[in-house]
Amino acid sequence: MTAATTDLPRAEAPRAVTLWRRFARNRAALLGLFLFGLVVLMALTAGLVEPVDPLRRAGDPLTRPFTDWAVPLGTDQLGRDILAGLFHGARISLLVGVLATLLSIGIGVLVGALSGFFGGWVDDVLMRVTEAFQTIPNFVLLLSLVAILGSSIEYITLAIAIVSWTAPARMVRAEFMSLRHREFVDAARNLGVSNASLIFREILPNALPPVIVYASVIMALSILLESALAFLGLGDPNFASWGNMIGQGRSVLRTDWYCAAIPGIAILLTVLSFSLLGEGLNDALNPRQKKT
Amino acid sequence: MTGPVLDIRGLRIALPKGADRPFALAGLDLSVNAGEIVCLVGESGSGKSLTAGAIMRLLPEPHVHVAGGAILFEGRDLLALPEREMKAIRGDRIAQIFQEPMTALNPQKTVGWQIDEVLRLHTRMDRKARRARVLEMLDLVHIPDPTSVHGAYPHQISGGQRQRVMIAMSLCLSPRLVIADEPTTALDVTTQLQILKLIRELQQKEDAGILFITHDFGVVAEIADRVVVLSQGEMVEHGPAAEVLNAPQHPYTRALITAIPALIPPKPRNFQGAPVVLRAQGLTKTFAPRGGLLGGKRRTVKAVDNLSFDLHRGETLGVVGESGSGKTTVSRIVTRLLEADTGAVEVNGKDLLACSPRELREMRRHIQMVFQDPMASLNPRKRVQDIIAQGPIVHGTDPATARARARDLLELVELSPAAATRFPHEFSGGQRQRIGIARALAMEPKVIVADEPVSALDVSVQAQVLKLLADLRDRLHLSLLFVTHDLRVAAQLCDRVIVMQKGEIVESGVTADLFADPRHPYTQQLLASIPGRGWTPPDLKTDAA
Amino acid sequence: QEPKRGGTIIVHMPSEQRILNPALRASTGVYNITGKIMEPLIDKTYDGPVGVLATEWSSTEDGLKITVKLREGVNWHDGKPFTCDDVAFSAMELWKPLLNYSSTLQQYLESVDCTDDHTAVFNYSQPMPLDLFVAAMPDLGHPVPRHLYEGTDIMKSEYNTAPVGTGPFRFVEYERGQYVIAERNDDYWRGAEYPYLDRIVWRFIPDKSAAAAAIEAGEIHESGFNGISMADLQRLSEMGGFDVGTQGYENNVAHSTVEFNHRNPILADLKVRQAIYHGLDIDYAIQTIMRGYAKPGRGPIPSAGGANYTDDVPTYAYDPELAKRMLDEAGYPAGADGIRFKLRHRPAPWGEYTQFWAEYFSQAMKEIGIDVEILTNDAPGFLNGVYRDHDFDTANGWHQFRSDPAVSTMVWLRSGSPEGTPWSNQFGWQSDEMDQMIDAAQAELDPAKRAERYHEIQAKAMAEIPVIFAIEHPFISVTTTKLKNHHNTPRWNSSSWYDLWLDE
Amino acid sequence: MHLSQVLSYALRRLLQAVPVVLLIMVGTFLLLKMAPGDTVDALVGDMGGADAAYIEKLRAEYGLDQPVWVQLWRYMAKIVQFDFGWSFVYEKPVATILWERLGTTLLLMGSSLSLAFTIGVVLGAVAARRAYSLTDNMISTLGLVFYATPSFFLSLMMILLFSVKLGWLPVGGVKTIAAFHTGWAHVWDVALHLIMPTAALSLIYLSFYLRLMRASVLEVVELDFVRTARAKGAGEARLMVHHIMRNALLPVVTLLGLQFSTVLGGSVVVETIFALPGLGQLAYQSVIQRDMNMLMGIIFLCAIIVVIVNFLTDLLYARLDSRIALR
């Protein structure tokens, strides 16, 4: 019988490959990836392909799109090139989105992990704090933080992270609560593994997939929050962000709708790409839910 | 009635691309007559549940679908019926009982409502008549207080009662065919026996045909008229129960039957002189609700009550008992994965429960654990060699050495060293359990605590793992604390057993003595409930590979 | 056209006015509502000051006593007669101690004597020019009914949000966050034919685009004080059915300013300030930001300032090349990246166009090699950052000219205001000469000499540029053509509208 | 569920909420004190300026010249007696103003959330039942687009279309001013005014619920008891109504409770655009005017509402899920 038991099943393709296969099965997710790639490309090539400084006067104010090829998508009220704004705005939006997401997930993971792993009073205290953050209307908190810190882009990013960490924290906590009773955790503990290693090496990698999926939601929300701030005139005017462009474009919405609509559509498509990516990731990471 | 109730001919079920085999079922012929119990036996994945699904026409279509054959029910081909007629047949003429009584009932509806639903769907009875019928059915399946259970939610009644409710539900329209898919697997032995008896009794009364799906030859011996054996979707043997059980023809059947642990305990070995490696004294654990003032009232559970035992070097001590008797709690206290309320656990002469966290980590190398669920106990994101080497690395071994040793250990547990760089999900259940054992051995412990290490495995695999454990124990002079609910397993491996009920030891002793002459009524009841205890598997050793 | 009686008009208010008492809060927003309910002693028309609750006024030679005759037969909305007691009480208990801006104006007011029920004598310890008094009264001279305020905590009086006045309309309802309603006062002193309207509703709509839509949809009849965006104003003006213009704001002209922190050695250099001025394309800004409804500024007194104004001052034409040269000369050559130095700029958060101004400023400065970082902040943040903490290099905002330089723009140039006083010279710029010129002008009683002094101040301010008074612009309003007799006084939105009528 | 059980549960929840609310209050107070400037600055800015003595007097009168700890202590001492204090910006007691605004906010939030919930749940369920079909793709895409459209953008577009172009709906406000409707005419009038803000506010949540419901139904459909019901011969409609819906609703209900405060935040923009006198706009104004008492009052009120809503969703959850006993 020895022979039979050493017979291993045929080796599987590497994890990344299987993930990709599952992901690629979902056409909407591919579209999301494509859009996302486009935005990243725009962000990377801003200033190369589109050499104009997005804050400089590039032409007559309120030039309509496709009328002057020096400014293909037209200009806004101060004569700034909308195409350049679109490219540079991609950079800002992505930067805000990615950094705020990383930060908020960082905080969320830390709080959620400690809370879920240790339970007891640690959990009590951390959860009270989380509840407190959840009880204050997030946008009001965001406004307060921006009022305190000022509207520079770093602080806006930080403020967005501060108002968005609770959901990942709860998520990580729930995952930890269910994972910490899994036998493999007991097994590691029984080997004498320290708590820190248990948290970060054993449990966390297993708790991350839903959080990674949720990252797309935070990313989308960050961009929406930034644009809402800009809409209220609290954006950072030193950078061309899509939110700023909409915020300023709305005053000419009735006559020169493209000033707000072009960045508006850019936001919509970017957020859409995050959502589609997120759903694709979800399908890929939780094969249980997928159907072909 | 002439002819069989159910007649399956050449049934083939196709699996989606990328599955381990193209057909889950490759040409099954099977018939069930009225008043007959036909057992469909086979190991996990052999296609038993899909057969049931095909009959009910509830396969997860389209990716799993019937690719050929016919399913004749009372002479009509079910596969050709329109969905509307099929709906009328389901629940009325053909009923099904499922394995997990908890999840098979809707948690949000009362038991009465759920049984009533069958009547509502298939009869024109008025409310009063239906209620009367439901109560009658509940009574029929020997539910003590039908009126109160009628209004209860599934989570408010015990597992055995839930399964009775399922049975009541399936039988209340006197179906011609009942498909029972492992209806007792999730139950305690004592409950299992009661349910088996109930099914027998009702079947005789109603004269229905029963297709009984199980992986347990003990259950087959208990209940079957005829047996069909499936292996990897192929029907390998069929015939009257007595014939298949006592004179199996096909090598696969023979292998299966050989693997069943006999109810004959090994010869007692003497450990009087051997040193005690593990001593538990006065262990008590009460689960109290957390939250104090704001937590509200919940009942407290005394999971372990003043429990003491000794384990000698090289000895295997079995802990047996029904679900909830506190077995797992004991194993977790002993390894200090759970803090006991009171008591002491001496390992190597030192009290584990009094250790500081630092000392504890040092002590852990002496007492290791093998877990029940081979999948859940391996970190899915780590490679096998890292899983095995983790313990030694934590305790200071150089990583390269530890990994090399991990590969040696894989060989020791009869796995190819090629396994070292794979992930746990790429292995079968038995192989995973071997990895778990290797991980425990890597620490070179004195004591191994094993909590139901084989109960998630098929019999043939179970036999291999048990044999491996016994081998290692003897070779490495290990002491085993072996927790199991399966008395057959306990009988095969353990030198001594303690029998637990509600957290207390009701009886303990040398296995052979205890099995031969149980004193405590609870032990007697346990022993009497072992399925197929009247049947001794034939001695086929000569043919075994 | 014969005026018609009746009708309700709805007026847009971009922000809510929480206190409806012009004797406590001097601001155009407050007048916009309360001007119809409470009347000042004197109002302004295109023909000069006219009496409202006052009928005559005169001053003694030395300027220490001002006698005001009050109108007889005027009743408060609660039926009690309006008398000198009300004026004396208001002046001593509200105007002098509690009313912003008025406290400076009235700092030397000693007492108000009532020689009879309808004669009030204002006694000053320092000379008060009668012109200044009269110029200030339309904004800072609203009496309140003494019988309702006396003996109560004035700041917390219920009548601060439910005003009782003598005006053509009486207060009905203030639904916070939504609207204020006032209806016709049948007992109005001008006679039974006034006012023409039945009711006025002020509707609070903070969002400019929504307000523009509301006007376009006919839900609102008038929006003043640039309540909707310039783009929409221009669009509506081209659409027909709306009067869009600056008439009626002659008393409410404002300057768009660029302010310097002279504590910064770079900015303390006059050459740098001049270069910056040369770097600003004022005409472009007027066309793009103000859509042409403005003129270039000529110092602290706008062209609407009457005799006190002159345009005989130094000016700075748009010339970026010259600006660059001047910066080079000042010792700030462009670095490798084309940047000479960096400025931190605080824009006032007073809506769209201060924001645009900041962005234009930054844009324009980049052209001449100055990197401007804009620090966005809300009102308290701005006021603190600029006026208390002096944490800025440049700032921009607008500042209203209140018909007389003595009570308005001079504070930008005069040193000595305590730290933290908003809209005062907190820029670290000090000139004893200028201080003396300002004091002398304020104390001058002869109008002609006074004007001369202000011309000198104006010229000096343009030469030394403590602050750039870049653009002067009246406010702009949009009104449906259904309204008649609208914008017919120089402070029309703050006036009583007794003769306004609706042609429907 | 007995009444006494519910009551004692309510009491327990209330006690649990106390530390959270305290934490919020102290935290917010200190946080806002870090912001540059205070109410007096804002007031003076609003007035168009004032001289230094006047400013000092106001500051002393409002107690803003005291150290932060003193101010905090005074505030907390009052709030425990449910005295919200005085709004210096409005010159009215905070409680009065809160009370005036609460109605609009509750109306707006209630209508948005219930709309989002109902439609989201129904669409989600439909999408899940026809998973991966054209219908599902359409519903899911719609959900994603709703989700990705910034609410202010949507609001402006709606105003443009429905108010200006079509003239069907009023631009803003909660009622037609000076129309003095009464009875049903008033109700209808208010409803007309709330259509656009409700839509603008609810769409994003609608897409949340839609997606969650869809996932939840897909998950429940796989569960054993659904198979049991099928084996009983139940049809699809019956499965949906009796077996799937209720179980699938549970996670959605949890989200409902969690999101309440987010909705309040989201209403800042919508209330500003539609000139609705609600708490969201008030909160925003209070922040930029440093109207501490007002903001603290709003946050306290909000905390109370959230506690109540969570309590209600717990009750609802317990009603929906027979396994949950209130603890």
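As written, the chains take the letters A, B, C and D, and residue 1 is the first residue of each chain.
Keep this in mind: contacts are C-beta pairs under 8 Å (C-beta built on N, C-alpha and C of every residue); 3 or more make two chains touch, one makes a residue touch a chain.
Since this is a predicted model, take the numbers as computed values, not measurements.
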Set of chains whose contacts include both chain D and chain C: A
B-D against A-D, pair bridged by the larger set of C-beta contacts: A-D
Centre distance in Å when chain B and chain D are each reduced to the mean of their C-alpha atoms: 49
Where chain A and chain D are represented by their mean Cα positions, the distance between them in whole Å: 23
Distance from chain B to chain A - Cα centre to Cα centre, in angstrom: 45
Separation of chain B from chain C, taking each centre as the mean of its C-alpha atoms, in whole Å: 86
Sequence positions of chain B contacting 2 or more other chains: none
Shared interface positions of chain D, touching two or more other chains: 35-36, 156, 160, 272, 287-288
Set of chain A residues in contact with two or more other chains: 147, 250, 253-254
All touching chain pairs, where touch follows the definition stated at the start: A-B, A-C, A-D, B-D, C-D
Complex contacts: residues of chain D adjacent to chain A: 19-21, 23-24, 27-28, 31-32, 34-36, 131-132, 137, 140, 144-145, 147-153, 156, 160, 215, 218-219, 222, 258, 261-266, 268-269, 272, 280, 283-284, 287-288, 295, 298-299, 302-303, 306-307
Residue ranges of chain A in contact with chain B within the complex: 1-2, 5-9, 11-12, 15, 182-184, 186-194, 197, 202, 205-206, 292
Parts of chain A lying in touch with chain D, wherever the complex brings them together: 28, 128-129, 131-132, 134-145, 147-148, 220, 224, 227-228, 231-232, 246, 250, 253-254, 260, 264, 267-272, 275-276, 288-289, 291
Chain C-facing residues of chain D, complex: 35-39, 41-42, 44-55, 61, 89-92, 97, 100-101, 104, 156, 159-160, 163-164, 167, 170-174, 177-178, 272-278, 281-282, 285, 287-290
In the complex with chain D, residue positions of chain B that touch it: 56, 58, 87-92, 95-96, 98, 100, 103-109, 117-118, 121-122, 153, 155, 166, 169, 291, 294-296, 298
